[in-house]
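Below are structures written as structure tokens.
Next, two complexes with chain A in common: one pairs it with chain B, the other with chain C.
Right after this comes the complex of A and B.
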């Protein structure tokens, strides 16, 4: 690649538009859309691109999210690269389609701009909408800002469409904090994208020239081998993910750890374990507390499916206390807090050196987690470190002394 | 890594994401034997169409109508001949209980079955050789007494079974009631002659002018034959029990018709004729009287109106059309006149109980009416003449005493037709006599061969009614009517009143048949099966096959079967053919694995030319 001829440009756009730009750079064939805020901004941006002739794609507006995902499924079956997206309850209205799409190994890409589930109507970000579908066979992870969102969309296409993987992807970003906050994004040269992302080719698309039958009725005995193969694909995605990130770094010059972002963890004793946009605030809080001598850090989970169990164990075992910031709801779950706690603890179970683990119910309903709440949570962790035990598993931040 | 060390055995190997290559029906069904989902299995079970059941001799009516639809006339004729020796006769004279029972009658109009039967009968008459052949001789000799419908039928069936048959007929010409009881304008004599010839062609000997009790004795029959069927009919007319019946100008119904039929009639009718009686013979007499020169014919019945008359409604209608007058609620109590009938004395009368099944109550207190006539024909039924029969075989009804198989005790004598059916509740009709003759012949054969006898039984549930059929498939169509001679002209001639169907009419009318409860190869199941798992090699009755390994039991074929032949039978009623869950993965183990390889080599195949699909 001749870097001299690159026409990269820096633009100031929000997360929704960054996602739309990524879809454009990926030259998607079909866009299945149905409006729901905050995702609507993405479909609007794409509509403009198609209308302006910037993007040559079939743009289909469905009559519901269920239809939207059905259209995406059908389009992918015919061999198209498909982009879709939704938010909050919209994600859930399409729930039926998630397993069929991954089961038929269609690498549909879905952008999620998180929105709190009802009740009542709440536009704020909470990860529960997408997390509820986390075991449906979709690759899944959160971006913490618009640039990362843009990059993750390209990465997800590359990984999901890899013939060794062939799985759909949910590329998630926090509503508002990422989706509607304008930030600097470097848009690459289209040649870079072409080099990174080869044209999509499903091995057995619906094609009258080579007729095949997709999704036939199967017998009970056929379920397990197909599920085992789907599990193999999910696990087999791990080296592909790493390889893709390496190549991404080479081509685009931005290096990401595909699994975890560790911030100031080298000598940290207590760390936050979280996903998504609150990591940006956390970095500020940590820097501030570090200036006061507190050995605090952050481990941000970048990919939750496939879940990097060994990496999480290896990383979190190095600390004394881990505070999981949930940003999701796990009513009546292990910690009676959120679902991320269970993911963290389960990864740590086999560790010879287990840290104390808290679940912090923070960022719920789209509330910002403000700096002083990070300080409050840090104090809770430090207290526990001092005491050698936790006071209780879950704290509802902002509702306790 | 949870999937580390996992191994999918060959027999469980599946193609990528379960994608099925080249989804042919056969392959798909082999791979996905969904038959084990089924709780209800569709089964073709032909049921008894109501026409077949109603027919006095159980002709396979639905069967021959279906063959006529397809233009297979000879097959249709052969089918009818299994039960009916002379469709050309019954195609003209039958009172067609089949048409009364026809399900189509509850929908629009009954099928004109008799007309189709006549079409086939006439076709058979025109054949140089009949399709029916005598059976291989079994060395047994049978005597049949009487050549009427019952005797004819018994002789025919026994000849087909290989018996050496001799018919004794007391009249100069064979045919019995067919000749002597049915006017020429209903059944032309040459039609009957041809049917009698067919009997002779089967090797049957017919000895006319030979009367049992006079020319042949009971003992002759007993010693010279292995078995004997008495089908002598009811030959003697009933009296009206009126005074003066011995006067000139008084005739009796059956002898009146018989003499005309035999060509021995000496009756000369005056212009005014009265017919006493309200049944079918009375109607024939009234209409014959017109053709014998009568100007005014009046029918006098005890029945209070036409609907009470025990007559075939359309014959009654045709008679009225020809100008016969009716007088109801009257009995003839005396024939008045000086040596010759001049008038009738009539009294008001009614049945004392059930109409046509109880003694007549005559109101002799009321003033008598005088009705001037030149002739009177009394047609109030017949009775047997059995002077030659040993008393032990006579019953209280004055007929022959038989068991339920038509056998006289444990002798080798059998009896059939009106002579046993009078008073039994069975209609005294040609087709019933034919059926009785047929069944008696089969019973006789079984007795000769020492086989046990079985009664004919039809379970009610196998007679199809409209509720079991899918009427969506049957548009309403009017019955094809037979042409008839104009009433004014026909009343003076012996020409056949009712005209034959043309070939087109026979097909059109047969096409109206619902094929109640019986597969007629309509292909509907084949077409509606959503899978498809109904196969056929050729379009032909009974040749559809359900692929039981694959049929899910969705019932669509059952619901959409127009005729109700397809039934849903609970799967538990079967002990075979069910694919069990634990082996249902594929009919042949490893098929999916082979399919996996096939899927992988898909790209090596030449693509289909989708631009030039035909």
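Right after this comes the complex of A and C.
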């Protein structure tokens, strides 16, 4: 597409509005809303777009998150492109629906702006809400700023609706750090979106002209092939994800590695391994420490489902020490920390050259991780490198010397 | 792009609505969206209802099946009895999933993505789904007035899970969660949730009605009225369950008439235009509740005082319908005039047809 004909524009919006804009550009047919902070602002923006006639969609104010996801399931099953979302305990109120939606292979899209679960239920961003659903068959990844959120929504529609994939998508962003911080976002020309995102066409919708039965009960011996198919769809999504990112770069001019963002890792000896918005602070902290000669970098996981096991292994094996910043609770888990550690270690297990790995419990309850905490964590990694062993598997940042 | 106007279906009413099941109506549709080949029990009330409902609705129909008998027993994998599109949904998602289907078709037709008349969208929820776990989702769908029909096939219990009490299980009904014993001789101590009236009172813009498999033409016409009504409609249909009620298999339709004749299942319509109840439906006779109870094993433990309590309840229902009570039914509220179910034969002898 010739650049001269494009009507792109740069706007200053927060992550929530960026998500709403993406849904509008995707011309969604059905929106299922229910209020809970902080993601609510996305649905507020969409409600206004529908009221203004900027977007032709059925906007449904559901009676709960469980109903939101059921509405989304029913609408997607009928052949509509569907957008919904939630935060915190709302994500869990809908938990029952995650497996049925992926099991019926309905590419519902759900925006999540993380919120800490109860307790303490504060408005801060902790990733436990969405991560607790990570094995339910949804494509899942975190954006670190509003532009990336906008882009990830379009990418997720394209990937999830691909007939080779047909899986629902959780497009996650940190509550407040992304959802409520205003940033520059380039909105594309609608022609670019049309070129990138073909109309949604499910192969077997609920259509009276072509009767099908969705979700009949089966016998136990009929279960394994169904579950295998869903597992294969998740694995099969990996090349589709890569292809979609390549095409996205061609059409929109923004290039992303779909799996990992590596920041100043070329000669790094110690790295942070994390997801989401704290990556932005990490970049600042790393630049500062680099100016003092510390060989520190960051590897930011962009897609956690499907998990890029080989890429994580190749990447993290290059370093001496990996400090996992969890931002999630894995109470009583293998490290007594969060869930990112266990998966990173599992990915590294077959590597001939394993780094030292341990967790930092930071950003819990949605507290900001400030620069001096990044410096403190860096020192812990440097200590481990010097010592050649870890001090412990999990450090609670702010509670230790 | 200008929005495309959505075309709705309009189904004709059938004649002779008050006739019983053995009445031949030549206008009955030939179409069979619900075909044999499922695994429901012989005499299954919900299945009989399902066939009538889908026949009345026709082929441009989408069925939604929340978890319950009509999901589990009907849908053995690769062998479902639905000749129209059908989707399972969660037991608590009856109204919400259905709303999603309706919303999708509104948007897709309006945006030119699907061409044709708006389909009849019917949700078939059991009473466990409709009165308990899915109540809020159904209320949401009715409140938002999606163009759909939500049916509660009311077999007065969670049958598929092995006969457990629901909020629709009648007083005195034995289930595995409400067994009789020395401390609880009547078994279920609570009276059923007045579900259909809740729906009418809370969503007065909706067409709401009750029906019974004992009156098939009336049932089918109510299905069509609900579908013709632009917006949401709700039907609660009495569908006996042989396994849970414990009766002789061929008597499903008889029970469907007796429950109405005994005043335990008032048949009415809520007219959303005039905002009033229509109580004009009259069974051909009125009977004491013992006539209905004695045919079912689930009431076999009841003492005379419990039967009297149920008769009081039935009489209240008649009064609510504006029906004057015959003397025999008033006398039947006194336990002294009744005998325990253990001597049901004797009960039958004293029962009076009014």
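Quick note on the criterion: the second predicted complex is superposed on the first by the 401 of 401 C-alpha atoms of A that agree within 3 Å, B and C clash if a C-alpha of one lies under 4 Å from a C-alpha of the other, contacts with A are read in each partner's own complex, and residues count from 1 in each chain.
Heads up, the rule we're going with is that contacts are C-beta pairs under 8 Å (C-beta built on N, C-alpha and C of every residue); 3 or more make two chains touch, one makes a residue touch a chain.
Treat the numbers as computed from the prediction; the structure is a model and nothing was measured.
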Simultaneous placement of chain C and chain B on chain A, clash or fit: clash
Chain B versus chain C as contact partner of A:219, first or second or both or neither: both
Chain B versus chain C as contact partner of A:232, first or second or both or neither: first
Which of chain B and chain C A:398 touches, first, second, both or neither: neither
Touched partner set for A:60, first chain B, second chain C, both or neither: second
Partner chain in contact with A:209 - chain B first, chain C second, else both or neither: both
Which superposed partner A:70 touches (first chain B, second chain C, both, neither): second
More chain A residues in contact [chain B versus chain C]: C
Partner chain in contact with A:191 - chain B first, chain C second, else both or neither: neither
Chain B versus chain C as contact partner of A:80, first or second or both or neither: second
Which of chain B and chain C A:35 touches, first, second, both or neither: neither
Where chain B runs into chain C (options 5-13, 131-139, 563-571 or 599-607): 563-571
Doubly contacted chain A residues - partners chain C and chain B: 104, 208-219, 222
Touching residues (chain side chain A, partner chain C) in the complex: 29-30, 32, 56-58, 60-64, 66-68, 70-80, 82, 96-97, 100, 104, 199, 205-219, 222
Touching residues (chain side chain A, partner chain B) in the complex: 103-105, 166, 203-204, 208-222, 224-226, 228-229, 231-232, 235-236
Complex contacts: residues of chain C adjacent to chain A: 3, 59-62, 64, 71-72, 75-78, 80, 82-90, 92-93, 95-101, 103-108, 110-111, 113-114, 116, 119, 136-137, 139-140, 143-144
Residues of chain B touching chain A in the complex: 1-3, 6, 8, 12-14, 16-23, 28, 31-34, 581, 584-586, 592, 599, 602-603, 605, 607-608, 610
